[in-house]
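What follows is chain A paired twice: with chain B in the first complex and chain C in the second.
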Partner chain A sequence: MLDFEYLEPTTVEEACTLLQSYGDEAVLMSGGAAVTMWISQRLLAPEAIISLAKIPNFDYVRFSEKDGLTIGAGARHRDIEMSPLVRQHYPLLYETFSKVAQPRIRYMATIGGNLCTGDPATDPGTSLMALDAEVTLTSTEGKRVLSLEEFFVDYYQTALKQGEVLTEVRVPPPAEWAGWSRIKFTPRTEEDFATVGVSVALKVRSGECEDIRLALNSVAPVIVRAHRAEEVLRGKRVTDELVNEAGEVAATEVEPTDDMRGSADYKRHLVKVLVPRAMRQALERIDG
Partner chain B sequence: MATAQTYSVIGQRVNRTEGYGKVSGETKYIADILLVGMLHGKILRSPYPHARILSIDTSKAERLPGVRAVVTADDTIKQGWGAFLQDQYPLTVGVARYVGDEVAAVAAVDEATAQEALELIDVEWEELPAVFDPEEAMQEGAPLIHAGKERNIAIKIDVERGDVDRAFAESDLVVEDTFQSMHQWHCAIETIGSVAEYSHGKYTIHMNTSTIYMARGRIATALGVSEADVRIVQSGVGGAFGGKSCDDNNAIVAALLAKKAQRPVRIINTRDEEFLAGSRPRVPMKIWIKMGFMTDGRIRAKQIRVVADNGAYSGKAPAVTGVAALRHDTAYRFTDVKTEAYLVYTNKIPTGAFRGFGNPSAEWALEQLMDIAADKLGIDPIDLARINAVEAGYVSPHGNRVGSCELIQCIDKVEELIGWKEKRANRVPYRGLGMGCTVHVSGKRHFMDYDGATATVKVNEDGKVYILSGEGEGGQGIYTVLCMIAAEELGVPLEEVSISQADTDVNTFCLGAFGSRVTYVAGNAVRDAAAKARQQLFEEASHLLEADAEELGSKDGRIFVKGSESRYITVADAARARLFRRGGAPIIAFGSFDADSVMQDDTRYGNESGGYNFGCQAAEVEVDPETGQVRVLHYASVADCGTVINPIGAEGQVDGALAQGIGYAMTEGMTFEDGRPSEPNFSGYRIPSMRDMPRKLSSAFADSYEPTGPFGAKGLGELGTDPTAAAISNAIFDAVGVRIKTLPITPEKVLRAIQEKDA
Partner chain C sequence: MKRRIELTVNGQDYEIEVEPSKLLLHALREEIGLTGTKEGCSIGVCGACSVMVDGRLTSSCLTLAIANDGKSITTIEGMVADGELDPLQQAFIDYGGSQCGFCTPGQIVAAKALLEANPHPSEDEVREWMSGNLCRCTGYYKILESVMAVVKQHEGVKG
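Presenting the complex of A and B:
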């Protein structure tokens, strides 16, 4: 029978202490979009649920020229999507968050919950990785800051340790000469998870690619960064051939599997097609 | 063509009669029915596709605190039941035949206890060899699913009209191909559910079925009681689409538990259960089809072979297979046709009735073959359809007699709405156009040689009108339509008319909602009752107005002398005058209608329906040649449903049907692993959302009038789903020259086909 304690700490410290004391028996819940589903599908039967919903000021979305964007882990997808700051300074994030599931989920689900699920099919982590975001993990021991590449460890597995809470996501200030693109390929229904997702952020001055970050979702056990594909362009003059080559190389950096969204071969093919498309779109967006 | 007269209510854009209750939350859906002492039932289902029960021990479950009853086959009469073949049992007798088959059930004080008790039931199973593919199941030596059903063939249809061999020999062009259709679930927002009570030998079952009398008959058979010992009361129905026509065991098991526990019992399917063993999905079919044409485009011959997947039990699949095998011969002019169809048992979920009822599967094949032929003949596909389209007065080779028919008008309108000619003249790379036509019935004569309806109309002493009808509301808007018909006939405002809940103890016999029948068949019964009630009102009014009844008219609740409308009394005046006097009586009239159709004989010759409705659709798609993604840019759908009674409702039917057609074409589809649906949920099984609808949707209705219909109306609900998958596939062919022959049309299939073509 479904029977659990429902705990509602009002500070991060209190949440960390509770997590510490309950250990494996408790599950942390933020928006609950994933947790409630797991419970109703009987994948999870916790002794206690520790809700983060009552912690004040846990859902902020702030921007400063110096620090960039800082987001409280309790911010809902909808908060981020609707933030004028995000729209103005990080159009890639606006584009990404506005295409997660549908508004019903976006009003409920939080950025912390999304990232901590460690689901490689999710979108925000991909674009955050392309923007070089980092996450702050807090426990009774203190804080540590990780890049998203370090944070995503394996299929549904993150670097979170027992007793740790993800408290903040930080995105560096937007670069100059920057272009971006997000392609969420959802051929079955638009509200689906991506069959393949591509996020790219690049910096090109006078035709030369000074920097590039390319991340993909739904193509491997974790959200992946395609380092070798990035190298094809980094420091080079951007040509059509190189952009296509980057797609070919990216396809060697992914390990998709067969599922109802398509076969592994098909997804690999999509990487070859969508990566160059995303790059071209990003290049078109660079002004000046 | 007859044109519609000017009506005061018919054809108006009105709000739904039952709409307020639905949007305000007042409507009582099955989950809102809470009876005193009600228990919660849960069903233990077979985990195997084919297995024998060696023993079953329920003692631990029975001892669990909170459990009030546990039932197995031993609590049943072990009597098979089913719409056409009585091959299904309420609870597994000996052998379970699919993953999900009902084995035992528990009623407990709450759901969690019932669930826990299920886990305490020990079943010892012996797994049996299973077969999942109908063609394999038809092989000699395949595991036998039902004793006595050789090669697992549930039914076989073998019909030839004319001389097909000669007709093919005389054809200028012969084309043939094979197409595979798929399961499709109804995905109604509300799953199947029931609340059953038992008292003094009588069962009362509240359920969200769309066919209360059909449910009553089948449930009575399964329980071994007579019809009147079962009362079915329809709850709010959160969408049905054919899936709630009582071909599953939910209500029967609730009734068994209610009797044993002597308490009301509710069972509502979870979404998983709905996919596993709830609403019976569309019958998948493998269809080989061959057609002969003359160079001018006329169809000369057709031969079709259908192998249909029945699943473990039959439900409505026998009739669905019949429709797939023969119905289309009423859309185009056919003379020489041959049909061979097999409905074959497999160890999977039983299949059955879903909006379109065999047409979407058949048209997936036939409308693509028409397109293939058009290409070979060098005739524009829309012209090929027009050349062959039937017209009023056509009699199909199987005896269907077409009354009103505006198929050619539908084709013309679709051509115009989608800009067919201009777009074909000014081609854009990777864009293409495709189309398809369909025919549907307005009710079908197949149960007990009856295709009728009954209704009672009473006029209260305040002039308000009440319709007693057992057809029920499945969400399709039929209450509104029936109230509009009564209002028009009586000459009262629509707001003055209301309608009863469907209840077998209160209403007279009705077949319920299937076969696009209710507007036409029940509409006629309501109109008949209303006309008789009006006659009573006029007789009374003739005394009060000192005029002959024949001289009277009525409108807006007033009965007046035609020509001098200031001489009037109200409907309430007449109703009161008739009631409140010595020997008085209320205004009440019984109406009845049975369509002028003819039951098909053993060779499937007959006349299925009193009215045939027609449709034409066209799609404009854009294909991404690098990913295979298909976008429907523009869709046009035109229906000939006779007079449109309620335009808002009719438009909703067209749009909704299209959404399900698009789902069938492109997004839905379930994979099975050893007979088990691999993702029985909405994360795996994707139905289209608002955003997946065509970028532009143009719909219209033919100017049409069916003389036998109420105010000229025919059926509409199903035909909008029928040709959609084929129209989209044809458009893909037009865009990129590849043809997809298996559903669903996934981008991956399209991409592979493009790559193969280019290789």
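Presenting the complex of A and C:
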């Protein structure tokens, strides 16, 4: 019988101290959707589970014009989806969170747990990356703030060091990112993981693309930003040809693999098709 | 080592001792003896193990019993009030929403959670919400019809 201690700190400091003292032997648990499954499947056999669920005010969703959106790591997907602030100021995030799995998982799983799994097939990190979000990692030593590009290191691997807890996600003020689009391509069933996911945020002034951020999931060992595809548009007058070219370039920046959701070739083809489609949707939103 | 936890299940208080790795699903079925909640996939996909925890729809296969100490759980057995079936249960009977019955407890608990959050969902909202509950028998249409029948009953009392 698998046995472990179940610890329920009530402050972040206490969680960090416990994590520090148990080292490798402890596993953090937030919503527990992933950790519980790993335990059932015997992929994990920790000496201790440190639950973050009893930390008060760890699930806030706040907004200010100056700082943008700040989300406590313990906020569940459903809390974020249902937040009127998110709906009003970050429609891209609303669209993204409301299409993660199905409501049952969204009620259970937290944003901290999602990002810290480091699964390249997940959705929130993609749109958060397109919106230039950053994460705060806290330990007994203090805090550090990383961009999501720095945070996602490799397949199921993040920049979290031993003893660190992800405590907050911050998304800059949205005002200028008027154009956005999210395409989660799920040919099998509505609530599936994406075969390919595309998130784009766009700033356009009088027909010229001032800035663009394009991120994709399910196409590489990590959620990726397609920097070269962004360069195709940045600073240019947006034309249909350029948008198509950005799709072609993005397809050279991804490294998909064959799996039950499609072959590598198919996914690369989807990138070519979906990136221009997402950009057109984003442009339409600016015009409309 | 076993730990003592308290659960309120369908309004009744229980004190049970569980191994830390015991799933809420297995605690409900094996310790408390409520076997209406079913185990299908064990990985959060099929919805057969759906229960409500403090009103939130939950996969009881994805949460440890000890993580639910002190919480209030609603299972399919809690749908019956004073011997009367819940309108959803009656609709599943009337509209053929249940065949072999294995997925049915999860379907009904999920639909109940939806109607508690939103008594007047559109058909599309019902479809989207219920996408997390798999059924190998009915072809889904009859499930949709069953839930929509109750939504229509609510329409009479819209206000």
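The rule is short, and it goes like this: the second predicted complex is superposed on the first by the 285 of 288 C-alpha atoms of A that agree within 3 Å, B and C clash if a C-alpha of one lies under 4 Å from a C-alpha of the other, contacts with A are read in each partner's own complex, and residues count from 1 in each chain.
The rule we apply is simple: contacts are C-beta pairs under 8 Å (C-beta built on N, C-alpha and C of every residue); 3 or more make two chains touch, one makes a residue touch a chain.
Computed from a prediction, not measured in an experiment: that's the story for all the values here.
**Q** Following the overlay on chain A, give me a clash-or-fit verdict for chain B and chain C.
**A** In the arrangement built by aligning on chain A, the partners chain C and chain B clash.
**Q** Counting only touches as set out at the top, which of chain B and chain C does A:Phe4 meet: first, second, both, neither?
**A** second
**Q** Is A:Met260 touching anything from chain B or chain C once the two structures are fitted on A? First, second, both or neither.
**A** A:Met260 sits against chain B, while chain C stays out of touch.
**Q** Of chain B and chain C, which one touches more residues of chain A?
**A** Residues of chain A touched, chain B against chain C: more for C.
**Q** Return first, second, both or neither, reflecting whether A:Gln102 touches chain B, chain C, both chains, or no partner chain.
**A** Both partners.
**Q** For A:Phe185 in the superposed arrangement: first (chain B), second (chain C), both or neither?
**A** A:Phe185 contacts chain B only, not chain C.
**Q** Touching A:Gly207 in the superposition: chain B (first), chain C (second), both, neither?
**A** Neither chain B nor chain C is touched by A:Gly207.
**Q** Name the contact category of A:Gly23: first (chain B only), second (chain C only), both, or neither.
**A** A:Gly23: touches no partner chain.
**Q** Touch test for A:Gly32: chain B only (first), chain C only (second), both, or neither?
**A** Only chain C is touched by A:Gly32; chain B is not.
**Q** Once the structures are superposed on A, label A:Leu270 by its partner contacts, choosing first (chain B), second (chain C), both or neither.
**A** A:Leu270 sits against chain B, while chain C stays out of touch.
**Q** After the overlay on chain A, which stretch of chain C ends up in the same space as chain B: 97-105, 115-123 or 151-159?
**A** Clashing stretch: 97-105.
**Q** With the touch criterion stated at the top, can you tell me which chain A residues are shared between the chain B interface and the chain C interface?
**A** 1-2, 102, 189-191
**Q** In the complex of these two chains, what residues of chain A are touching chain C?
**A** The contact residues of chain A facing chain C are 1-6, 29, 32-33, 36-37, 39-40, 49, 51, 53, 78, 101-105, 107-108, 189-191.
**Q** In their complex, what parts of chain A are in touch with chain B?
**A** Against chain B, the touching part of chain A is residues 1-2, 102, 185, 187-192, 260, 262-263, 266, 269-270, 273-274.
**Q** Which stretch or stretches of chain B touch chain A in the complex?
**A** Of all residues in chain B, those touching chain A are 112-113, 116, 626-630, 666-667, 671, 678-679, 684, 686-689, 691-692, 746-748, 751.
**Q** Of all residues in chain C, which touch chain A in the complex?
**A** That would be residues 1, 3, 19-21, 23, 42-44, 47, 50, 56-59, 61-64, 66-67, 110, 113-114, 128-129, 131-132 of chain C.
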